[in-house]
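Provided herewith is a single structure, encoded as structure tokens, for subsequent inquiry.
In order of appearance the chains are A, B, C, D and E, and numbering begins at 1 in each one.
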Amino acid sequence: MATASKKTDWFPYLLLIPASMVTLIIVAWPLAETIRLSFTNSSMSPVESYVGFENYQTMFSRRFPEVIARTFYWMVLSVGIKMVLGTLGAVLLNAAVPGRTLFRVLVMPPWVVPIAVGVFIWGWMYNGQFGMISGLGQRIGLLSGPFEFLATKNSAFLSTVVTDVWIGTPLVTVYLLAAMQGISPDLHEAAWTDGASRLYRFRRITLPLIMPAIATMSLLSAIWTFNSFDIIWILTEGGPRNATTTMIIDTYKTAISRFKYGEGAARAVMIVIFLSLFSAFYFLMISKLAKREQDL
Amino acid sequence: MINKYRWWEYVLIYTGIAMFLTFVLAPFVEAFVVSMRPLDALFSIPYRFITDEMSFDAYFTMWKSVPLLWRYMLNSFGIAAAVTALALLAIIPAAYAFARFEFKGRDTLLAAFLAVNMVSGAVLIIPLYKVMQQLGLLNTYFAMIAPGTAFVIPTGIWLLRSYLMRIPRELEEAALVDGAGRIYTLIRVIIPVALPGIMVVAIATFITAYAQQFLFALTFNSTNALNPLPVGLFQFFGRQDVVWNELMAASLVGILPVLIVYVFLQKYIVAGLTAGAVKE
Amino acid sequence: EDLHMIVCGDDTGAGIPKQAALIEQWESENEGFDVTVEFVPWGQCQEKSTTLAAAGNPPAIAYMGSRTLKQLAKNDLIVPMELTDEEKATYAAPILGTVTWDGKVWGVPRAFSTKALFYNKDLFEAAGLDPEAPPTTWDEMYEAAKAIKDNTEADGFGLAAASFDNTMHQFLNYVYTNGGAVIDENGEIVFNSENNVQALEFYGKLAEVSQPGPVAYDRAKLTPLFSEGQIGMLISGPWVRSDVGDQVNYGIAPIPVGPMGGPGTLLITDSLTVFKGSGMEDQARDLVKLLTNPDNQVEFEIGEGFTPLRPDLPQVAELVAEDPSWEPFLAAIPTGGPEPFVTDYVGMQDAINEAVQGVVLGEVDAAEAIEYAAEMLEDYK
Amino acid sequence: MGQLELAGVRKSFGTVEVIKGVSLDVAHGEFVVFVGPSGCGKSTLLRMIAGLEEITDGEVRIDGSRVNDLPPVKRGISMVFQSYALYPHMNVYENIAFPLRVEKMDNKTVEEKVHRASKILHLDERLKHKPGQLSGGQRQRVAIGRAIVREPSVFLFDEPLSNLDAALRAEMRVELSKLHSALDATMIYVTHDQVEAMTMADRIVVLDGGQIAQVGTPLELYHKPSNIFVAGFIGNPKMNFIKVKCTASSDAGVTVELPNGAQMTVPVDARAGIEGQALTLGIRPEHVKFGEGDARLQAVPSVIERLGIHTVVYTQIDESEGTFTALLEGSAPAKAGQAIDIGLNAGDCHLFDESGVAFERHIPLTEIDPSLLTAAS
Amino acid sequence: MGQLELAGVRKSFGTVEVIKGVSLDVAHGEFVVFVGPSGCGKSTLLRMIAGLEEITDGEVRIDGSRVNDLPPVKRGISMVFQSYALYPHMNVYENIAFPLRVEKMDNKTVEEKVHRASKILHLDERLKHKPGQLSGGQRQRVAIGRAIVREPSVFLFDEPLSNLDAALRAEMRVELSKLHSALDATMIYVTHDQVEAMTMADRIVVLDGGQIAQVGTPLELYHKPSNIFVAGFIGNPKMNFIKVKCTASSDAGVTVELPNGAQMTVPVDARAGIEGQALTLGIRPEHVKFGEGDARLQAVPSVIERLGIHTVVYTQIDESEGTFTALLEGSAPAKAGQAIDIGLNAGDCHLFDESGVAFERHIPLTEIDPSLLTAAS
């Protein structure tokens, strides 16, 4: 909004003060401190000294690249499933069938429960002897005996993914549902008039039009998933044999469980760097895709 | 007509919804079943869904074994509400600034706010602890509220900003012509008009704040009476054995308040998100 | 002044009111000091105390696993307890060993546990074994487990291999009953030994006759299996007795012995520790000593169901008379070994757990796993 | 072929009946326009023909066969939506090609057909653009393009020009008329714009509250509205109505007394026993004379609008009645606040009875060249 | 007082100059309308007067004093926005009261003023309603109500009627005119609607690409457009232009040759040395005659629109040129595809030179009653 003066307008900066203050104190300063710590040998002891890049060197000399790869695998898998399930869910909940209001409410609880509580329940579900999945699996004859989902590397990895998907899907579903409802019904009617089937309309109209929403949601979801801590920590603490140790788990283990604050801080810095790179790359790709479509 | 389905389409849709809901709700069913069994009947093999000894006992005994349970629920609710209120105080003006004003460094600042998403509270815990200590906030509700607030602000700004951008600029110009100051305009015009969008942000913030209050509470608070529900629930993990039935009962009861809030407000969420979502 | 005391677990045990009464008594004797007791769930308890200390705001007293004392002491976060010789003498030597480093005592044991073998007599019978002759060696134990697995619906043994501390604890029982060790008195890693390779090999072998998926199990999940008669044997602490109750007909025996060793068990103590920098270290020490003096401590232990630290007390004799099943747990004390004292306890635990899981999952062989873990341990000693 | 028939068609939303029994025959190649006030059911009726809305009762037949339960594509119709409903993510080419893609037509045929359509609509230059980059008129043409590639026999338009500005609208009107003659298809067209209806229709269907008020050619509706609703609805500015009293009825017409006492015999079919009844006299603003005519009225203009071609005079004949509008020639010397002398010719007047039904006017049919009635087709 | 003066006002957005030096004097109480094609800068100019847009160069003076740097409220102006910009969460009363609330006026005065405004605008019944419950015309009136309570001396309107349908628009036009005379305030009004401009303005300012093309009374612009842009812009349907060749120039006027060879002397001021030059002849569709006139042209109508009052004939005079439109009387016997005989009267014609500047027409000033020029005020 232009006013009749050419001086710098301080008003918008004024508006940013509350948000900036909170963010500076609670996030920016601790982050700066974390970066500083990453160059020290800080640990339990009150004395610390600067060690240059040593923490980063030790970090990479260990199995860190493996952890990075696993983290991205975990994230891509989880976000991928969330997006697919969320899209399917949104399509289903968008169908004009009796009861859909109820269904829309019933989808929400995983988002609403405290994460820790949800994960307790899943921990119980994964139990091979008393849990529902193994129990029903045996009943139906799918499983020959009790199966411990958290006992093998692959099944534990997948189990943490499933739980993360369970917690993250409702939000994706609702977000995409909203995006779908934003599409003018005219478009569907026009396509229907031209003989397009439901599936065809979904492919050629709904999907392209909610693509921006999918793109934004998948980025946000990726960031959240990357940083998802409670789920893995409560279910497996990163085991078995590190099969579920992601960067954030590794960081927490190093910094908090093992009290190596310096090394932990270095890992935290790596997370921020990786996420920034990832987001930048993602934005670049999206805008390139958008441009390509425009040029078509 | 376009929404008329053939019988097999109904079958398909309802099957799909049933499968989807099964995935989503199975844990709650499991939790409920567990909460209904006496502790020693829990570990029965082979797995059975319904057994005779089921009862609601756990729902009564849990109040005794964790006497402060009601207090934890209240705390959770209160903390989430306070986070929501504070976050809105920060989000609304910031989102307004980003949505409406051109100023130097706007895009950089916005990106910086969004980047907060990339930092997780877990990795900042030590420096954050020092901050809380220096501010003298340890062992107060505020120690749980403040960090909770900071981490919901970015998403809130982002959501509300896209909503505000759809409010016609003329509304503010009209107020300006009528002589209203900018704060006056914000409070009397923009906020009421943006209420549906603010509602969405508020609900989303509240739920997030309710669902994610473990780590900060655990580290920054030592006063049992101030603990939120997730920390309180840990008391069902006795030293040797977990009181699973009461834990599940307490968990189910604990999510009830938010769920009720959600049921009543869900239509705003879908409606408000629609306005904001399509834009970006 | 506020004296902050962190206690792990919850406040439901029968010992807590007794402790509270003592604290009240102490407060009335020490004008101006106000003790606030904070109960922190087990999973986060030690992290919390340490975080507070590292951030410069330590609790005056905290309940810590004795295994962390070396690390805390080395980092100058805690102060020695300065026990008199008289006070020291009330503890059995191995117990005192769990809290002593560098010649000083860094914490006073508060909770203590020893382990024994629980076995299901009915299953033994069903498998054609003598229910009154529990296995005394690893081989016997393995044979018994195999018999149960083969001849009954149940599995032979309850094996823990999850990524929690309990896995290492379980494994250490085998290390100690086979003459092995993790670290010697001089602080050198001696993990890579034939004793330990055998122990780990045996651990892996046990997986064949144990419940499916040991990697998903920690101690807490095994107890219900035993109560349900799903496993024939289990090595665990005294609390199992109350959890199982009379659901199954079981016996308790010392932990079977390995080919290269004699009787042994893992002694685990959790201690009350006084942190440095609270400004009331002396008062804190005073309170700790009050709480842990023989009479008060034994009362607390009986209330909480812990293994008594001082078996010679008359109260203990009474207890054993009342409940003879305590005997195997008390008998194990003289031959027990402590948790290894290292500077990075969690690092050690992760390394050992990884070795155990690797063998249980069949990914590596025992010798290789031990060797690799021993290498890792060099960094944590 | 595009012969369309509605037989007693009804539509209820819940308990509210919105279309209350509409019957109509549309011949192949005809251009039929639906008009009516907002909410009268125009769109609903069109959507029922299209198959977008279920038919509660009655039948829709296309080329003689019942289509009530057929989906739109099977009815051989195409629809152009008011909002155009262009797919924002597809370029013009793909938008037009969409119906062909649905049919899985091969690329070459698609290209041919799209190019033919885009040529007719002068869109060749725009094929690569997205709808967002087009002007209103161009979007409109893309929507039509999408409708014509399928070569349907019936076109349905729902207020297709209402989003355009006046100049573009006039232009598109002409183009649509041309298109109609070029395509030889039946067109059903919904609008609330008088000019569109009058200029493009072969026949106009006036709807009122879910029922047909009158069907006829534009000139029929203009000259011989069958009731007061149609009379008031067709024509802009609106017809003036004056409350009059019937004093006599004869073969020459019905004699009425104006509020100021003047008498006038309106040449309409007489009816028995209406003497003394209150009737309504209708006169179109463009038929009001200045200082001449069979009956005279004095009136003080409150507002005068000068459009260049015309001068519009707003006045009140009588305290109790609404505005009386006169459309005078551009330089008529009227001035606000200065009384003027208004005249009506009896031959221009319409007469309606108490229930609003028109008296049949004596306009010799020969006076309207019959060929004119279809001149616009 | 509401005297307004623009002196060499300029506006650039970045490097693009949008207003290129506009100077204009508006007297107190005048009703000035800005018209021009989309994007010509009407809104920008209005917003600069309002104080919503910075002024890059030049001065805006109200009552003689420079207001460039004053915020809107200090300029004594009120603005009615195209979208009305009503506050959706406040009822009508609060919407109208808003400017007074800002001033912290006491409740009693507020009530008085709001009631006075709502009475003028016939909104008394609606005070409790929210904007969402109002019709377009009512919303419009609320927006005006909000503007008048502050009793400003200058009103600014940005296309206030463009969202309304035709009938409502006609009605509101009348009401705005009445309001103007009642309030005795200066009004500046932006529109792209011809009829609005012609009927309401005291003076019309035609803008073209950020510059003033002509300023004058409606009839001046209609009869004596000073250039081809204004000639084409004012009048609907648009003036027809025919390329002609000048053959002679005398006191009687300029003689030109039409494409079909016919000659005609147009009564305009002669200029020296223009013989042989290509000129443009302009004739308004409503001045085209059927079978009579000084010059005749043969043409085949391609489309014929019958509006009842008029018949609009679209044809082409010459292959190379655009559509030629004729507005004939309602029953003119024209038929698409059948050649007709079109006639032009020289006195109705306009003439423009190559650069588009009009030749001054010989319309004796007496022929337009001077009183008419302000009759609409």
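As a convention for this text, a residue touches a chain if its C-beta (ideal position, glycine included) is under 8 Å from a C-beta of that chain, and two chains touch if they have at least 3 such contacts.
Composition by chain, UniProt nomenclature: A = Sugar ABC transporter permease; B = Carbohydrate ABC transporter permease; D, E = sn-glycerol-3-phosphate ABC transporter ATP-binding protein UgpC.
Every value quoted in this text rests on a predicted model; they were computed, and no experiment measured them.
Chains that touch both subunit B and subunit D are the following: A, E. Looking at A-B and B-C side by side, the one with more C-beta contacts is A-B. Each chain's centre was taken as the mean of its CA atoms, and the one lying most distant from subunit E is C.
For the pair subunit A and subunit E, the distance between C-alpha centroids works out to 58 Å.
Inter-chain centre distance (subunit C to subunit E, centres taken as mean C-alpha positions): 94 Å. Taken residue by residue, subunit C touches two or more other chains at 51, 54, 56, 224-225, 228, 230, whereas all remaining positions touch fewer.
Among all residues of subunit B, those that touch two or more other chains are 2, 42-45, 125-126, 130, 173, 176. Shared contact sites, meaning residues of subunit D that touch two or more other chains, fall at 51-52, 71.
Those residues of subunit A whose C-beta lies close enough to touch subunit D in the complex are 184, 186-187, 189-196, 200, 204-205, 208-209, 211, 293-294, 296. Residues 168, 170-171, 173-181, 184, 188-189, 192-193, 195 of subunit B are the ones that touch subunit E when the two sit in their complex. Those residues of subunit A that touch subunit B in the complex are listed here as 1, 8-9, 11-23, 25-27, 29-31, 33-34, 37, 85, 88-89, 92-93, 95-97, 103-118, 120-122, 124-125, 129-132, 134-136, 138-139, 166, 169-170, 174-175, 177-179, 181-183, 185, 188-189, 192, 198, 212-213, 216, 220, 223-224, 226-227, 229-230, 248, 251-252, 255-256, 261, 264-265, 267-268, 271-272, 275-276, 279.
Of all residues in subunit E, those touching subunit D in their complex are 38, 165-167, 170, 173-174, 177-178, 192-195, 198-200, 218-219, 222, 234-238, 286, 302-309, 312, 314, 323, 327, 331, 333-336, 368-369, 371-372, 375-376.
Of all the residues in subunit E, the ones that touch subunit B in their complex are 50-52, 71-73, 77-79, 81-83, 85, 87-90, 98-99, 101-103, 146, 150.
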